[in-house]
Amino acid sequence: MQIAFAPDELRTVLQPLRVQGGTTEIIRGIAALGEAVPGDLSFLSNPKYRPDVPGSKASVVLLPESYQGEPGPNQMYLRVANTSVAVAQLCTRLEQAMWPRPEAGVHPSAVVDPAAVVAATATIGPLCVVEAGAKIGERCYLQAQNFIGRGARVGDDCWLMAGSLVATECVLGDRVRLQPGAIVGADGFGYDFLQGKHVKIPQVGTVVLGDDVEIGANTTLDRARFSSTYIGEGSKLDNLVQVGHNVKMGKHCLIVSQAGIAGSTTLADYVVLGGQVGVAGHLELGKGVQVGAQAGINTSWPAGTTLRGTPAMPYMDEQRITVLRNRLPDLFKRVAELEKKLG
Amino acid sequence: MQIAFAPDELRTVLQPLRVQGGTTEIIRGIAALGEAVPGDLSFLSNPKYRPDVPGSKASVVLLPESYQGEPGPNQMYLRVANTSVAVAQLCTRLEQAMWPRPEAGVHPSAVVDPAAVVAATATIGPLCVVEAGAKIGERCYLQAQNFIGRGARVGDDCWLMAGSLVATECVLGDRVRLQPGAIVGADGFGYDFLQGKHVKIPQVGTVVLGDDVEIGANTTLDRARFSSTYIGEGSKLDNLVQVGHNVKMGKHCLIVSQAGIAGSTTLADYVVLGGQVGVAGHLELGKGVQVGAQAGINTSWPAGTTLRGTPAMPYMDEQRITVLRNRLPDLFKRVAELEKKLG
Amino acid sequence: MQIAFAPDELRTVLQPLRVQGGTTEIIRGIAALGEAVPGDLSFLSNPKYRPDVPGSKASVVLLPESYQGEPGPNQMYLRVANTSVAVAQLCTRLEQAMWPRPEAGVHPSAVVDPAAVVAATATIGPLCVVEAGAKIGERCYLQAQNFIGRGARVGDDCWLMAGSLVATECVLGDRVRLQPGAIVGADGFGYDFLQGKHVKIPQVGTVVLGDDVEIGANTTLDRARFSSTYIGEGSKLDNLVQVGHNVKMGKHCLIVSQAGIAGSTTLADYVVLGGQVGVAGHLELGKGVQVGAQAGINTSWPAGTTLRGTPAMPYMDEQRITVLRNRLPDLFKRVAELEKKLG
C-alpha cells in the first residue's frame, strides 16, 4: 500500500486516551500482532492475543487501558477506549485514501446516450456505457467499464466497481455496491420443450435491489420471467453467487460465496446461506433460517431453523446421523458377531 | 418497466375470442393472479390457481373460455384459446420493446481491426473489440464491451450481451446467445509436473458452439488442448457453469447453474445436469441421462439413467439408501437391544 | 484454426529422426489418432493407443522409433525421440501463431492515467484502463478491456487476457497469467452486525500473487481486510474459483474449477483441491494435502493427507464408510432376520 501515516497524524485521527513511547517509522500497513513488521500498526481487540503484544514488531500498537505493559524501543502504544472502533476509524480513513471520491462528471471516453439522465454530482468513469432512458442518481460512482442498460435506474450514492453491469430496466436502490464483474439482470433460465427442442421463454421482468444491498464479484442475478427478482434492503451477497429468476429475498440476508438459489424461491429476512449451498426452486425459507456450507435444500423450512447436509435437515438430526454413519464399520462388526452367536 | 399497453392495443395484439368488462388502466406489468396490482395484466394457465381469479387486482386477466365468472369494476377479462400462447405472444412483444433491434453498423467507439469481416447487417455496439481475422455474421448484435478474438467466427443472428467474450479462433453457430460475462475460449487447465513445478501445456484448440446454443452469465468454456471443445446444437447452459477442455456435449442438453464438467468428458444428446452438479473428467453420459442437483458423477452411465447423490447412483438406489441412512438411530438401538438379549 | 503447416515446415520444426512416406496435405489441426481427418497431425504417446495407428486418417503421425509399421497412402510418419516433447514443441509454435507477441505500445483507445508507469516494452491493448500510480512491467501484454486500479503493480512478462482486472493496490509477480474475467482484489466479505444491520467492515488490504501464478476465467480473489491475501509462486487456479480475504496459499498449489476457500485459511505448498471443493475459514492444510472433488473441509489437516467427502475425512476411511453405506439395505435385512430368530 502507498498509504503513509506519520505517528502524529495517527494521534490526530485516533485521539488516544494516552500515549506511551514513540516511533520514527511511517505507518504503511496494518497487521496482526504476530505478523507485523516495523512500519506496521497493530492492535489488541480479542484478549486471547494478549501474549502476542510484548513480542510484536509493530511500530504502533493500539491497546485498551486495561493492558499492562510498556512499548519496546522505537515503538508507540496508543491507549484507546475501544480498539475495534479505533481500527474501524483508521480503516475508513485508509478506504478513503485507496478509493478517493472522484470528481463528478462524465469521463470523455464513456459512451452516455443523450437520452440517459445522469445526476450532476455523479461520476461516470472511463469506458462506461449508459444506454438510453437509464438514470444514474446523485453522487454515484461508476468506476470504469460499467454497463447500464436501457431504462435501468441506479439510486443515489451507489458504487459500481469496474466491469459491473446493470442490464435493461433493472433497478438499484440507494447506497448499493456492486463488486467487479457483478451482473444484475441476465436472462432467467427458462425454456419450453417443444418438438424435441428447448424454446426460449422470453424473460421480460427485471431485477430490483433494495437500499444498502451489496453484490459480490462475478455474482449473477437473473431477471424475472415477468415482474421482478427482488433482493431486500441490506442483504449482502458474496462472490460467484447465483440467484435465479423470480427469487424474492428479504432484508439483511447473508449469502456466502458460490451459493445458488433456484427460480421462484422466497427467503424471508435475516436468512444466512453458507458457501456453496444450493436451494431448489419454488421453496420458502422462513425468517432467520441458517444453512451450513455445501448443504442442499430440497424442501421449505420454517423460521429459525438451522440446517445442514444434503438433503438438508435440522442441525441436530444431521449431526447425529453423521456420527452414526461414521460408526458403521463398528455396527457391521457387531451384527456379524450377533449372527455368529445365533449360528 | 416503461412498457405501456393501452387496453385497445392488447386486443389488437392478442385477438381475444371474447371481451368482458373494460379498464381505464394502462398495462405496465405482468404478474401472478395473487400478486397483481391495478395496472397489471394477469392470466390463468395452471387450473390450480383458478380460485385466485375472482380476487385478483389485475386490470386485465387472460382466461380460457371454460372459466366461469365476471370481471370486477374497472377490470377486463380477455378470453383466449390458449392463455400460455397468449402470454408468450405478449412477452415476445415486450421483449422486442426492451431490446429493440438496433440499427446496423459499427459504433464509433468500437475498435474493429481492418482485417476483421463484419456483415453489413450486423450491429457492433459501443466499446467492443473485434480483432484481426474475426468474422461477424449477418444481423448479429454485439450489445457493448464485447471482445471477439483473432480469427474467431460468429454465425448469423447471434446476440452477444454486454461484456461477453469469444476468444481467439473460437466458433459460434447461428442464433447463438451469450449472456453478460460469458466466456467462450479460456485456456484449458493443463500442466505437466516437472522438477517440482507445474509447467503450462499450451492450449491451442478452440471452442465450437452449434446453432441455437445459449450460454449463461459468467459461464466459462475452456478451449481444447488441441481440436475443439464442442457444445451441440440447441444446448442451453445456465450461469456460472464450467466446461473443461475437450468436453463434447451433444444436442439439446440443459446444464443448470454452477454445474461443472471436467475435461474430455462426453455428454450425449438431451442430457440434463441439475444445479451444482460435478462431472469428473474422461467419462461418458449417455443420451437423456438426468442428474439431480449437487450430485457428483465419478463414472460413466448409459442412456436414460436418472442419477442422484455423491458419488452418484441411480435415483431409486440413492433414494433407498438415503431413507435407511436416516433410520440409522433406530438401527443402532435395535442392534443394542439384540446384544442385550443375547447377553 | 487458420494454422497451416506444410509437411516440409513440420520437418524443420520437429527435426525427426526419420521420415516415412509423405503427404500433399497442409496440416491444419492436431487430433487424437481415432478422431483425426486428412489434414490433421496425430501422435502416439500413450502405448494403449498403439492399435489406433494403422487405421488413423491423420496425414502426419508422430511415432517413436519402436513402433513397427508403414504409413498409408498420402500419409507421413515422422519418427521422433519423444512424441510428447515433439507435440509440445508444435503446440508452442501454434500458441505463438494464435497469440503473436503484439507490438509494444499503448493502443490509442486505452485510457492510461498520466500518473501511471507503463514499461516501454509493454503492450496495452484497446479499451484498457490504467489508473494513477499503477505500474506495468516489461513486456507485459494487456489484451483488451483490462482494468488496473490505482497503485496496482503488474510485474514483468505478465499476460492479462481480455477483461481481466487488477484492483487498487494489488500486486502481481512476474510471468503471471490472468484468464478472461479473472478478478484480483474484490472486497472481502466482512460485516459487523449492529442494530439489526450488516455494516461493512472496510477491506483495505490487497492481493499479492507470486511469480508464475495463473488465475482462471471469472475466478475471484478477495483483498485482505488489511495486510494481504497471498497466492504463492507457481500456484495455478482454474476457472470460477473463490478465494476469500486473508487466505494464504503456498507455492505450486493446484485449485480446480469452482473450488472455494473461505477467509483466513492457510494452504501450504503443493496442496491440490479438486473441483467444487469447499474449505471453511481459519483452517490450515499442510504441505501436499490432496482433496477429492466436491469434498467439504471443516477442520485442519496435516501434511500429506488425502481427503474425500463431506465433512472430509482421510480417503481410506471415507471409502470404507461409503462402501458400508451402500450395503445398508443388506444390513437392515440382517438385523430384521436376527430379530425374527430372537422372537
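Quick notes on this one:
Each chain gets a letter, A, B and C, in the order it is written, and its residues are counted from 1.
Criterion: contacts are C-beta pairs under 8 Å (C-beta built on N, C-alpha and C of every residue); 3 or more make two chains touch, one makes a residue touch a chain.
Here the structure is a predicted model, which is why all the values come from computation and not from measurement.
Overlaying the C-alpha trace of chain B on that of chain C calls for a turn of 120°, given as a multiple of 5. For the self-contact between chain A and chain B, the two sides draw on mostly distinct residue numbers; the shared fraction is below half. Note on chain placement: the centre of chain A and the centre of chain B lie 25 Å apart, centres being C-alpha means.
The residues of chain A that reach two or more other chains are 109, 127, 145, 163, 181, 218, 240, 258, 276, 310, 325, 331, 335, 338, 342, listed in rising order. Considering their complex, residues 1-3, 29-32, 35, 88, 91-92, 94-95, 98-99, 107, 109, 125-127, 143-145, 161-163, 177, 179-181, 212, 214, 216-218, 234, 236, 238-240, 252, 254, 256-258, 275-276, 293-294, 310, 322, 325-326, 328-329, 331-332, 335, 338-339, 342 of chain C touch chain B. For chain A in complex with chain B, the touching residues are 109, 111, 127, 129, 131, 133, 145, 147, 149-151, 163, 165, 167-169, 181, 183, 186-187, 189, 191, 196-198, 200-202, 204-206, 218, 220, 222, 225-227, 240, 242, 244, 258, 260, 262, 276, 278, 280, 296, 298, 310-311, 313, 320-321, 324-325, 327, 331, 334-335, 338, 341-342.
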